[in-house]
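For reference, the structure is listed below as structure tokens.
The letters A, B and C name the chains in turn, as written, and every chain counts its residues from 1.
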């Protein structure tokens, strides 16, 4: 993918790139049950499923392709990625400790016949690529859930490798 | 989460805590196809999808929120977790070799409109937290399948880190 | 599982076994969005979701159990596994560098009431077992998606451990 400014990416930090995009990371959100929002195994950091929280409320609810437009689905995936980055920062402190974003797994609640979920998930991928640059170039998988907790249109899992 | 007896947790083994809960681990169940029930990669142990087997039969079948009550869904997740612990014990022999339960992934078969699956999955989380104590504090993700093999209401995957 | 010729498996390479099955690996297919087809974390190689591509086109589309027969579903899973092996070869060059295939995750688009997806997924498992022999004996998980990108009946994820 094209990056807007390769020189900037090479010299700036993920935190600076977040600021350049006007993104203020929220507090890492708590879980919806008897589990933790993230765990580290060796050098691998795994988040639990992240919702599109904004200021303590779900910014989007519903089914992608009916009550949630493709444009809002893209935005919801981007917002869930912001929450995932907040978890990662909570786990490692300094985002410069991330060697690479290894994987994004997007799970979506879609309407019958809606097949453009990969474009929606690009909302998460584009942000991760933009914030982490070359270190953000992740693998990906897409799932759908028939019904979602809190009627969220998306749950996002991010796996990241931490520098040894 | 609150643990009933922190002193007990600090000194007892997972096997002792299973016994204290009255749980006798079954034999590790075999697979439903040409695969293995668990694999170890480095220090990471991954189970295949675990069913709620009891004495060689599925103790629960059907769709959560219609033929399977929320209470039975919780019990099915707990039972699938018992089967997962049996796989882990088959893999490592002594559960004290588990450094941490890193992740639970619950995949459920739910009725239209049923959104309380996180509470059902707590059936697995609560048991893992209780048996493994601090080492059981896992990350989590929830999926739904439209149709399940053998009509099981849940398939449970557990990832665990083994002491080096 | 039974292998047709244990002596052959012990002495031949995965590439030789592919040739013996008459399989010519395709070029590793590109992604459907802003992500990479595979990533390596430490010794763990993860593919993104692999489609049943044949010569640049999806060889199978539709819903397993209605427009896609069980036999074609098995073939689609086998073909997706061939594409996954192409990704693995793109990542490591020589398939002999694979210590083990750790996991297959099959995600399927199935018709209402269709429950024989484990047999379909054996199309991937049988091939991996045949090509990688003892090193192919993987764990497995099965998901369903309500709707699939490009109407594919299956997306296949493969995790492999690379020799250190």
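Operating definition for what follows: contacts are C-beta pairs under 8 Å (C-beta built on N, C-alpha and C of every residue); 3 or more make two chains touch, one makes a residue touch a chain.
All of these numbers come straight from a predicted model, not from anything done at the bench.
J.: At the place where copies subunit B and subunit C touch, is the share of residue numbers found on both sides over half (same) or under half (different)?
T.: different
J.: Go ahead and align subunit A to its copy subunit C using Cα positions, then give the rotation in degrees, nearest 5.
T.: Resulting rotation angle: about 120 degrees.
J.: What whole-number Å value describes the gap between the mean CA coordinates of subunit B and subunit C?
T.: Result: the chain centres lie 26 Å from each other.
J.: If a residue has to touch 2 or more other chains to count, which residues of subunit B qualify?
T.: Expected reply: 42, 44, 143, 146.
J.: What residues of subunit C sit close enough to touch subunit A in their complex?
T.: Those in contact with subunit A are residues 31-39, 41-42, 44, 46-49, 105, 107, 143, 145-151, 155, 157.
J.: Can you name the residues of subunit A that touch subunit C in the complex?
T.: 1, 42-44, 100, 102-104, 110, 112-119, 121-122, 125-126, 129, 137-144, 146, 159, 161
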